[in-house]
Amino acid sequence: MLQYAAQILDASLTLNDSLVLDQVFLQLESGRIHALVGAGGSGKTLLLRMLATLLQPSKGELHLFKKAINFRDLKSLRQVRSNIGVQFQNLALFDFLTVGQNVGFPLEQDSELTKDISIQVKTALDSVGLDGRQEHAISALSGGMQRRVAIARAAVAKPKLLLFDDPSGGLDPVTTSRIFELIRTIQEENDNTVVIASHDIDRLVKLCHIFHVVDHGKVIFSGTLSEARQSTDDRVKVFLDV
Amino acid sequence: MADEQMRRMEIKVGALILFAALLLVFAILLLGDYSCSESSYISVDFQTSSDLKVGAPVKISGVTVGKVNKVELWAGRRDAANGNKVVQVRVILKLKSESLPLIHEDAIFRISTLGILGEKYVEISPGTYEKPSATDGQVFDGAAAMNIDEVGQSAGVIIEQVSTLLAKNEQTIQDTIKGLGQLVDRADRVIEDNQEDVRELVANLKQLSASMNVAIGDGKQINETITSLKSLSGSIDRGLQPLVSRLPEIANNLDETLTEGKSFVGEARDALKKSEVAKLFEDIRGLTASLADGKGTLGALLKDREIYDDLIALMKDLKRHPWKLLLKD
Amino acid sequence: MIEYVNVTKQFGPLTVLDGINLTIKDGEITYVIGSSGTGKSVLVKHAVGLLRPDAGRILIDNIDTTDFNERQWNQIRMRYALVFQHPTLFDSMSLVDNVALPIRKHQKVSKPAAKKSAMEYLERVGMTTKADLMPSDVGPGERKRVSIARALTLSPDCAILDEPTTGLDVVASKNIDEMISELSKSLGKTVIVVSHDLRSIFGVADRIVFLYKGKIRLDGSPSAFRASDDPVVRQFVSGEASGPMET
Amino acid sequence: MSKPVETDSFLGNFGRTFITAFQTVGAMTLLQLRIFRSLLAIKNFDYDESVTQLFKIGVRSLPVVIATAAFVGALMVVASGNFVRATGATTLIGWAAGTAVFSEVGPILIGLMFSGRVGANNTAELGTMVVTNQIDALRVLGINPIGYLIVPRFMAMIVMLFFLTAIGDLFALTGGAITCRAVLGIDMRIYWQGILDSNLLSEFIMGLVKAIFFGGAIAIVSCHWGLQVTGGARGVGRAVNDSVVTSAIAIFMVNFFITVLWT
């Protein structure tokens, strides 16, 4: 039987009177790397934010780690969130903290992880190739470095569910390859469930196990690459470039 | 969407600015007191502006009728238009035209102080109603201000004037005083010269008291005597009354006398020469005689201490101020 | 024509541009590539006077711009339109108003006319349906498209696009690539593109300038780029994670 | 680029404070000159932006100005009330409230309120535009940011603070009138007559002149701090803080000089 780390069941979302998510079914198999592809503005970011419990569906349910999420129960919500790592599209790094403080931030929030923060931060920064920059200000780093800091921050607490929103945006091919390699390594080490929203089909194809195609607020396809090749939907073929 | 939103913003901004602008105009008109009625101007010349400010109110009998339009410092320059008169400060008043007829030619303009904060204003006493009214552009003389330091100042001026006057007329005054001394001396001498008569008077009085003892048994007669004596003393009082009431006048005359000095002394001498004193003693003698005639009643007369005292006081007074008699007519 | 003569730029202790000599010819599509943080954006910002070189000079159409003031630069900027890497729409106005703003400011047209014209530009980037939304209501790819449309309203001689396809989906990227080709081939405009997108580079570019560690590592045609035996260039082309390239 | 001298001594800090102050004043003066130069070039005038700013700055500030003004007037009446009660000079209450509201307290407090609401907002908005490169975006579109962004704000702040002060004066006096009746038990007519009889036109106009200068000062200060923001969200916060503090200082300084020069 399949284990699902997260399920979005028949969820709809209305923002400013417009329906942005429309009866979405999205099931994320545990321990796999999932790709979220689709046109810009189709709703990938919204789905990721919903998985991160930052958006409550107007209708439908969100299940995380086999439990339905009650958005009013702040205590259990906080507990669930400690098992989720997010790298936001706009990075959302705290520009008043140093690189090291940014990466160490999730650890300080969790009482079980407060031991040896500096060692964990060092290891995390090492893995993204930024060792020795703990004391730097965020603004002193280039865009690619900032992205790697954000990835390190998302992964440092070894969460069960890791969400990446456009991890390679604005990065050169070599750095992009390194980041995708990094995600693969993190996933293999911790066996966590990873979701990547990206447009870099070439690399997603090499890295991901399962593909979800989003179009106009609907998930129109979920499956492996070979399944996608057999799909009759043109949109799936266009977006996956198969 | 955007255009509709723009339109709504324009309307609101316009409404706000229009409302504020109206308010502004209204406030300026109200605070500036630009009344619709016509204004007239009159000028008032003062010795000092007393720190009167432009815009200060002008009041007639406490009612505001206008305000100070201008305060010009002339500092002694001459006003060719008004008979070359010397002007220190000219204050130009802006008045409601309808208040102009209320101000008459003998109106008094005075800079007064309003309230305890000392705000200056111009107070107009409108003057005599029958006199002609002021005309637009007329120039008036202002009265001295009535505040405390100015009063003090003018008091100082008066004292100064008096002392200069005294210094100037020292000789005259000394002469006057000397003359007065001589007058008193002379009166003493007159009495001394008529010692005989006085002694006689006293003798008569003694006799009077002796015969009074005789008359004492007859109660009824005494009562009568007392009554008539009271009426007598009353008539004496009445006789003195005009003298007393004319005292202020007398004092005034004395003032004149002081300035006239010598001539008064001369008059006093003349009066003495006319032997008025001799006439006085004649009168007394007459009185004593008539007293002697009604001898039974005299004891009672002398028993009445009050009348006696009055008489003594009168005599003393006469001795000290014989001129009272002289000036009686 | 833009000429860089010995241009050097430092930010604090960091030398971003180190004696750059480069001539960008009219009518060509020039791609400036290189790893993140090597100063590609810094390089193109010099072309419109947003940054001034610490040393060296920049000649635009053979005129030395070293002593240009802001007003003179504004004249240049009308002909050399820069689109930022991160879309910088004015977040207080709707998408169509964003595009209409330069039309209103530079052409003497009425507001409705400016709006109509703006809609035409939005159509080119496929954004007409969302014209009345606010920038915060749409995704970064869409914002990027709108900001390209906005830059094109100036009808510039030269379009400078800083990472135009980054963050865009496959379909939108292809649209942009086509737009770049069209600008150059049919309208005869000069286009400078800062990019990492190897797919579009080889399809569209006339010339590639590879920037590495503040210097120009390679300057040539796509075929010369592909044939290069420089290990750093080779790694960049293959996009492999391991190699001599430092990022 | 010169490196800052590392001096942590008291004197070093003291000197730095002064240099920073000079630099700030200089930068503000330059900004002012650039605004005036842009004002001369009428083609820079942007109608839409001006209306938007007039609306945001003026109409949105109206409630807070009215509330402030009403309480200022009430306070002035209460404050002079003790004196009036002690002396029985009830006619003075209108004069006292009117003078204070028109010439000093009214413009200052409305100006401070305005700076807190509009100036801070303006700094934050411009600062965010700087941080997100929107200012540069204007420049690459060949649009002068001073002419397009700053001039409308500058004009709108001057115009609106002027009119808001006029409106505020009315509400302050009304607030005073109500307090006069309710707290002191003095007939409102005495109060109003006191104001009208006190010849306050000069004070009223002085207050409005102050408002013009306050508006200009708040505009320059808030735009300056907004435009020089560096370093993200924190920089914006710091700039807003500096903006409000500098505006307050500027208001008191300008007020002092106008009051001194007026008489």
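As written, the chain order gives the labels A, B, C and D, with residue 1 at the start of each chain.
As a working rule, a residue touches a chain if its C-beta (ideal position, glycine included) is under 8 Å from a C-beta of that chain, and two chains touch if they have at least 3 such contacts.
All values derive from a computational prediction rather than experimental measurement.
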Checklist line | Maximum centroid distance from chain A, chain identifier (CA atoms) | finding: B
Checklist line | Selected pair, greater C-beta contact count between A-C and A-D | finding: A-C
Next item on the list: Report the most central chain, judged by the distance from each chain's C-alpha mean to the global C-alpha mean.
Entry: D
Check: Using the average of all C-alpha atoms in each chain as its centre, how far is it in Å between chain A and chain D?
Finding: 48
Check: So, what's the distance in Å between the C-alpha centres of chain C and chain A?
Finding: 29
Check: Cα centroid separation between chain B and chain D, in whole Å?
Finding: 63
Margin query: Measuring centre to centre with CA averages, how many angstrom lie between chain C and chain D?
Written below: 42
Check: Could you say which residues in chain A touch two or more other chains, in rising order?
Finding: none
Checklist line | Junction residues of chain D, two or more chains touched | finding: 48, 52
Next item on the list: Give me the residues of chain C that touch two or more other chains.
Entry: 111
Check: How about chain D: which of its residues touch chain A in the complex?
Finding: 231-234
Check: Once bound in the complex, which stretches of chain B touch chain D?
Finding: 6, 9-10, 12-13, 16-17, 19-21, 23-24, 27-28, 30-33, 55-57, 64, 67, 115-117
Next item on the list: Provide the residue numbers of chain D that touch chain B in the complex, in ascending order.
Entry: 48, 51-52, 54-55, 58-59, 62, 87, 89, 91-92, 159, 163-164, 166-167, 169-170, 195-197, 199-202, 204-205, 208
Margin query: Looking at the complex, which residues from chain D come into contact with chain C?
Written below: 1, 46, 48, 52, 125, 129, 132-134, 136-137, 139-144, 148
Check: Residues of chain A touching chain D in their complex?
Finding: 95-96, 138-139
